[in-house]
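Each in C-alpha cells, the structures are laid out below.
Each of the next two complexes has chain A plus one more chain, namely chain B in the first and chain C in the second.
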Partner chain A sequence: MVIALKPKSSPERRLWRFHGGIHIPDEKALSNGRAIERAPLAARLWVPLQQHIGAPGRPLIAVGDSVLKGQMIAEPTGFISAPVHAPTSGRVVAIEPHPVPHPSGLSAPCALIEPDGAETWAELPPPLADYPQLDPALIRERIRWAGVVGMGGASFPTSVKLTPGTDREIHTLIINGAECEPYITCDDRLMRERAAHILEGVRIMHHLLRVRTVLIGIEDNKPEAIAAMQLALAETDMGGYTEIVTIPTLYPSGGEKQLIRILTGKEVPTSGIPAQIGIVCQNVSTAAAVADAVLEGRPLIARVVTVTGHAIAEPRNLEVPVGTPIEHLIAQCGGYRETPRKLICGGPMMGFELRESTTPITKSTNCLLALAPAEAPDPEPALACIRCGRCAEVCPAKLLPQQLYWNARAKDLDRVQDYNLFDCIECGCCAQVCPSHIPLVQYYRYAKTEIWAREQEKRKSEQARARHAAKQARLERQEQEKQARLRKQKEALAAKPAAAADGDDAKKVLIEAARQRAAERKRSDAAGQD
Partner chain B sequence: MPNSVISSPHVPRVNRVDRVMLDVLLALIPGILVMTWFFGWGLLINCVLAVTFAVAAETVVMLLRGRSPLIALRDLSAVVTAVLFALSVPPILPWWLTLLGMLFAIILVKQLYGGLGYNPFNPAMAAYVFLLISYPVAMTTWLAPAGLAEHPLSFMESLRLILNGTLPTGFEWDALSSATPLDEMRGKLDLGQTIEQIGQSQTWGWLGGRGWEWVGVAFLLGGVYLLWRRLITWHIPVSMLLGLTATATLFWAIDPHTHPSPIFHLFSGAAMLGAFFIATDPVTACTTKKGQLVFGASIGLIVYVIRSWGGYPDAVAFAVLLMNIAAPTIDYYTQPRVFGHGSART
Partner chain C sequence: MLVAILAIAALAAFFGILLGYSAIRFRVEGDPIADQIDALLPQTQCGQCGHPGCRPYAEALAKGEEEINKCLPGGEALVLALADLLGREPVAMDIKEKIPSVAFIEPEDCIGCTRCIQACPVDAIIGAAKQLHAVINSECTGCELCVEPCPVACIQMRPIQEDIQRWRWPYPARQPVESDSAAPLRDAA
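And then the complex of A and B:
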C-alpha cells in the first residue's frame, strides 16, 4: 500500500454517502506502476461489427477488401447506433461469427483483418480546433462519426448522451474517474499520463451540454491521478466550472448512480436515466476519445486495457487496437506465471468469464484479468440462506437481497419484482459478503432473464389475441353486411315486379340479382381466405 | 442452478456460516464461565450432553434424508442451539430431558422444516418452552448460586444428579434448590411484600439477584463482542432492552413499591442472553432494520407483560417465539426505501 501523496479533498464540496458498499483489497498495485505501453500489432484482428448498445451497424466492407486505418467498416443505422472503423490497414480476410466479449460467450459477426503492417491511415476529417465557434450539431456529428461509445463498460453511444433533450436542462456533467473495481488501473494510468487530453475532452463535452458544473470524481486510492488531474486543471481556463473531487474508496462508488449520489446527493429515479435529474455522466477514457475525435479527427480504434491478475507474469496497461485477440495481450505481458483459474473480461466484481483465447477486445473492454487459483478459489457449495441480512447491509441499491433470492429461487417472478429486482445493479456486494456463499447475482440475472422472456411471451400472446379478436370482428361485420344487402335486394325485388309490367324487364332484374349474388359470394370467399 | 457458467463476483467470499457460529460460541464463553462459577459443574455437563445429543440427532436426520451429515454439522448451528439450550435450563436437569429437548429442537423444529435457514422458530427456545410446559417442576428447579448455596455440588455429585437423579447423601432437594430471583420477586409480591422488603433479603445484589446479576453482565459482555465483530447489529438487542426498560420504567415510576426497577428486569432471567444471543438468531428474526426495531421492542414489551402478569416468571422464550411468528409479516411491511424510489433525502 503506497498512499503517501494523500491529496486533500476540497473543503467546500460536501460529499454524500450511498447505502452499503464494501471495502475489498484493490490489487491495483499489480499494474499501476508502469506507464501505458503500445502493444505491437497482432497478426490477425477480429473486429466486432457491433461494439455499442443500440441498433446494429451496417457493414460497409466485403471479404477481400483492403481497408485503411480509420476507415469506416460498419455504419450506424439509427440515432442510437455507432460506426466501427478499421483499427489498422490491411485486408479483410473473413466476415463471420466469432466469439466476442459477452457474458453469454456467444459469437457475433466480426471482420477478420490481416494487418499489412503499413498502418496507412485513411483520409481523416479535419481537426475541429475551433469547436467553440462551431455549430454544436457539427461537433456531435463528428463524435458520432468517430464511433465514440461509453468506455467504462456500458458502450452507449456518446453522441446521444451529449444531445440534451429540449424538455429539461442538464446542469451537471460528471466525469467518472472512480475506477472502483479492484485490479483495474487503465483509467488511473490515463489520468496520470494524459490528464490534459482528458480535460480537453471534458471541455468539449461541457461546451456541448452547456452545463454549469463539471465534477470529476476520483477515488482516494489514486493520489497520483488526482494530483495529475489537478495540475492539468490548473493550466486550463476550466477552473471556474470544473472541480476534481476526491471521493472515499468504497466499492461500487464508480457505479453511475452511486457516483451521482456521492457527488450531488441526488438519486437517479428508478428505471430512469441521469438526464432526468439534469446530470450526464461520462467516463474519463470516453472524454479522451472525444478529444481524439474532435481535435484530431481520429475515430475510436484503440484503447487502454489493463492486463492483470496474479496469473499474469508482468501485469501492465497496454494501448491496443480494438479487435486484438486476448491471447496476444497476454503474450505481450510475458504470458502466464501460472495456469489461471479463470480469465475475466472486466473487473472481478462485475466482469464475466472469457472462454476463447481469440476473443477480441472491444471499445469497452477495460480489463483482462487472469486470476490465479488462490485469488479466485472455486466457490464452496452454497449453504442455505440464514437470513443474516449482511447482503442488505452492503446493497448500494438498498434492496433486500435475501428476499430477492428467496423469491427468485421459488420462481415467484411477481414477488421478486415487488422487491424491486430491476433496481439491482448486479454489483456483487451481496454475494461477496454472503456467509452461505450463495451465488446471489446469478439468481438475480436468472430472474431478470425469466421476466424478460415472460414479458416477451406475454406481448406475443397479446398480439395474437388482438389479431384473433380483430378477425372475429371483421367476419361478423362482413356477415352482417351481407345479410343487410340481401335484405335490401329482397325488398327491391318485392317492390320491382309490381312496378315492372314488362316480362323482359323482370327477367333482366332476376339475372342482374343472380349476378350480384355470385359476385358477393366470390368476394366473401376471398375475404374468408385472408 | 439457473446457469452453468459461474457468475460474478469472482472474488473469495469473506464470511462463512461456520465462522459466524464459532464466534457466537466464543461470545458465550464469559456467560458459560460465570454461570459455572455460580451454579457448578452441572452447567458444563449439560452443555456437553446437549451438544452430544444435538449432533447425534442431526446426524440421524441427515442420514435419513440421504445426505452427508457433515453438510449440516459443519455449520455448527446444532452446537449453538445445544449450548443456548443448556444455558437456559436448570444446571441439574435430568439427562433425558436434555435429550428430549434436543430431539425436539433438532428434528422437529429445525430439520423437519428443511434444516438451518428454513426453521421459522428458534430451536433452542422452542425446546425450552416444550419442556417447560411438559415438565414444569424439573424445568424450574434451580440451584442456589454460589455464596448462597448450603452445599455447592461437586463434579461427581452433579453428574450423579443429572444422570441418576441421586441426591448427595444427607441433602434434600430443598437444601440445594432455590427460587430464581424472578420467581422470588413474583412470589413475594403476590404475598403482598413491597420491593423494599424483598430487597432486604440476603439473596439480592445490587443489580438483581445475587450471582444472577453477574450472569447478565457476562452475557452483555459477550453481546458487545458480537457487536464489535459485527455479527449482529445493535437494532434487535437495543430495541429489546429498551422495550423492556421503557415498560418497566413506566410501571416503576407509577408505583416503585410494587414494581421492580428496570435495572432488576435487565439483569434478571434471560434478558441479556435473550437480547444478544436468542432474539438475534438471524434465521427466525426480522431482517429489515426497521423490522428489527419493531421485533426487538415487541419482545421487550412481551417479556415485561408475561413477567408481571403471566403464568411464568420468565418470558424471553415465549416472547421470542411469539415474535418469530410475526417476523415475516413485519419484514414485509418494513421494507426500506429502495434507491431511486420515492423522495430521496438530499
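And then the complex of A and C:
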C-alpha cells in the first residue's frame, strides 16, 4: 500500500475514508461569525483542583491565602498528572467540594477564589525562545509545569504524550483541527485569529517528537480557518514537513482514530493507542497552549469556549479564565433568548448535561450549549430493535452496535466486551440513525462504567483476602509463641525441684528453704545481741 | 567403582527420603474448586452466610453442602457467577442487597479497648490500648463485625459517599419493549 506522506503540500494528496460516519446539520454559523472576545472577570471563580486524567494534584494553598495570577495552586503527584494555577490574582476564600463539569453532576474539591481585580502576575519562568538549542527534557518540564492537558476534551497531560517511548519511533504528528461536532467553533476561531501562534506550538511539538511529517487536518466547512492557517504556514520555515490537509466534513472525522485513518490510511489497533503505529495526535488549542508555556512562560489558565445554541441571545466565542461559572458566560452572551430545554457541556453528540449554573469551566471545556426546546425535542419512545443493521453501517469504530446493545441490556458484561465495547468512542452515530430510537449510547456508557466498577471491586476483594490471610497468619504465630512460652515456663517449673533435693516436690523445698533462712536469721540475731 | 556406586546409591536414598518427607510435610492443602469459588466471593469476611468467613463458605459450596445465595455482600451478581461456575440453577436472594458502607469510630467516645481491632478480619482498624482507634476507610470491607463488640457503642456504619471516581452511568430508564422472539442468536453458538 502506498501511503501518501509527501512532505510538500499537494492538492492531489490521497485521503482515506473511515468506516461509517454521518452528515448532520453543523449549526456552526450561529457562533463562528464573531471574533473571540475576552470575558470580564467573574466575581468568584471555582477552580477545580483536578482538571486532568491521572493522579490527583496536591493542593498548595490554604483558605485565606492570597494568590497571584499564574501561581501554582495544586502540584502534580505522579508522572501522569498535571498542576493547576490560579487564573487571576485574589484571595482563596474556600477549598471545598463544588459541582464540576462531569456527567454525574457530582462535586469535587475546588478552590473558590475571589479576584482582587488587579490581575497581578506571579513571577513567571523565562521564555524559552531558543528552545531548538535546549535539552528536550527541559522543554517537556516547562510544558508539564504549565499544566497543559489535551484541550479537545480528553484532558490527558500533554507532556506525557510528547515523551515518546524508547521502544517505538514516532514518525507523524497529527494536529486535530477537524472540530467535527456540530455547534462548536472555538478551534475554528482560534485558527482564524491565532494561526501563527498555533504553528509556533506545532513547531515546538515537532522539535520534541522529532517526527518526519506534521499533518494538520481541518474539515472543509471551515474555509476561513484553512486559508488563515495556510497563509501563516507560508510565512514560516515549516513548509518542508508540515501540510494543512482539507478533509471532507463527515461526523466524527475529529475522532482521534478516525482522523488518523483519513490522513494516513492506518488503523490504530483495537484497544491500542496511536503511538503504537508511530503517530501522536494533538488538538490545535493544545498547540497554542504549548506555545504560551514555552515561548511566554505562561501556564494554562484560560481558554476559548464556544457559548452557543438557539436558546442563547448572542452566541459567540469567549476567552475565559478557568474556573469561571457558566452562568457568568451566559450572562456575557446576552443571557437566554428563551428558557433552554437542556444545558450541555461539549457538543450535542458527545457532550453531557449540566445541572448547576455555578459549574465552572475547566481546561477541557470547549463548548457550552443551551438548546432551545425546538432543538432538543423529547426523545421518541424506544421501540424494539428490528435488526435493520443501520447502526453497524454508520459505526466509525466498525463495531456491531446492536450486539453491544443486546448484551449491555442483558447485563452480560463479559460478552459485551467480546464485541469490543471499549473501542466505542460514544460518538452517537448509531443512536442517531436507529429507526427504533433506542438510546444505544446510554447502554454502552452504563456497561463501561459497570465493568470498571466491577474491576475495582475485584481488586478490593483481592486486597481484603490478602489482609485477612495476613491476620490469620499473625494470630496463628502469636498463638504458637504463647504456647511456646507456656511450655517453657512449665519446663522451668518441672526442672527446679529435680535439681533441688531428693525428689521432694517444689513446695516442700521452698518451705524448707524459707524455714532455714528464718533459723539462720535468728541465729545471727542472737549472736549480734551477745 | 564401588565408591561411585555407593555414593550414587546414598544420594538416591537421601533424595528419596527427602521427597517422601516433603510430600507429607509440605502437602498443598486445598481444593481447586474451592479456590475458584473463593476467588469469586467478596472477601468481606462478615459471616452473614453462616460460615466463619469466605473461605469456609467456599469450601462448603465446593462440597455441595450449601446454597449459592447465602452471601449478602456478593448479592445477585455473585449468585449468577456461582451458578455459572458450579452449573447450578440461580436462586433468588431473599434479602435485599446492602448499601456499601464503612465503619466509623466516634473519636470522643472511643476508650481504646482494642476489642474492635480483635474483631476486624482484615486489620482495617488502627490504634493501641488506651489510644484512640480509627478505621482505614480504604481497607474496611463493611462487614460490621466490629460494631457489636464495642463496649461503648461508638462504632457506626456509614454509607460510602458517592464520588466521581466511583460514579456509574445508570442503566437506561427508557427501555424498549422487546419480545423474546427477537432476542439475538446468542444461544445458537
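In the analysis below, the second predicted complex is superposed on the first by the 446 of 530 C-alpha atoms of A that agree within 3 Å, B and C clash if a C-alpha of one lies under 4 Å from a C-alpha of the other, contacts with A are read in each partner's own complex, and residues count from 1 in each chain.
In this text, a contact is a pair of C-beta atoms (placed from the backbone, for glycine too) under 8 Å apart; a residue touches a chain by one contact, two chains touch by 3 or more.
Keep in mind it's a predicted model, so treat the numbers as computed, not measured.
Asks: A:Q463 contacts which: chain B (first), chain C (second), both, neither?
Replies: Touch partner of A:Q463: chain C, not chain B.
Asks: Applying the document's definition of touch, where does A:V416 land relative to chain B and chain C: first, second, both, or neither?
Replies: neither
Asks: Which of the two partners, first being chain B and second being chain C, lies in contact with A:P348: first, second, both, or neither?
Replies: After superposing on A, A:P348 lies in contact with chain B but is clear of chain C.
Asks: Is A:R387 touching anything from chain B or chain C once the two structures are fitted on A? First, second, both or neither.
Replies: both
Asks: Of the partners chain B and chain C, which touch A:I262 in the superposed model: first, second, both, neither?
Replies: neither
Asks: On the A-aligned overlay, A:R445 touches which partner chain: chain B = first, chain C = second, or both, or neither?
Replies: After superposing on A, A:R445 lies in contact with both chain B and chain C.
Asks: Under the stated touch criterion, which partner chain does A:A453 make contact with: chain B (first), chain C (second), both, or neither?
Replies: So A:A453 only meets chain C here.
Asks: Once the shared chain is lined up, is A:P379 touching chain B (first), chain C (second), both, or neither of them?
Replies: both
Asks: So in the superposed three-chain picture, is A:L106 touching just chain B, just chain C, both, or none of them (first/second/both/neither)?
Replies: Only chain C is touched by A:L106; chain B is not.
Asks: Based on the A-chain superposition described above, do chain B and chain C contact any of the same residues on chain A, and if so which?
Replies: 103, 379, 381, 383-385, 387, 402-403, 436, 439, 442-443, 445-446
Asks: Can you tell me which positions in chain B touch chain A when the two form their complex?
Replies: My answer: residues 1-3, 5-17, 19-20, 71, 75, 77, 114-118, 233, 282-283, 285, 287-288, 331, 335-341, 344, 346.
Asks: Can you tell me which positions in chain C touch chain A when the two form their complex?
Replies: Counting only chain C, the residues touching chain A are 38, 41-45, 53-54, 77, 120-124, 139, 141, 162-164, 166-172, 174-179, 182-184, 186.
Asks: Across the complex, what residues on chain A touch chain B?
Replies: So the residues of chain A in touch with chain B come to 16, 18-19, 24, 103, 105, 182, 257, 261, 265-270, 272, 342, 344, 348-353, 369, 371, 375-377, 379-381, 383-390, 392-393, 396-400, 402-403, 419-420, 423, 426, 428, 431-437, 439, 441-443, 445-446.
Asks: Would you pull the chain A residues touching chain C in the complex into a rising list?
Replies: The touching residues are 100, 102-104, 106, 108, 379, 381-385, 387, 402-403, 406-407, 409, 411, 415, 436, 438-439, 442-443, 445-446, 448-450, 452-454, 456-457, 460-465, 467-468, 470-471.
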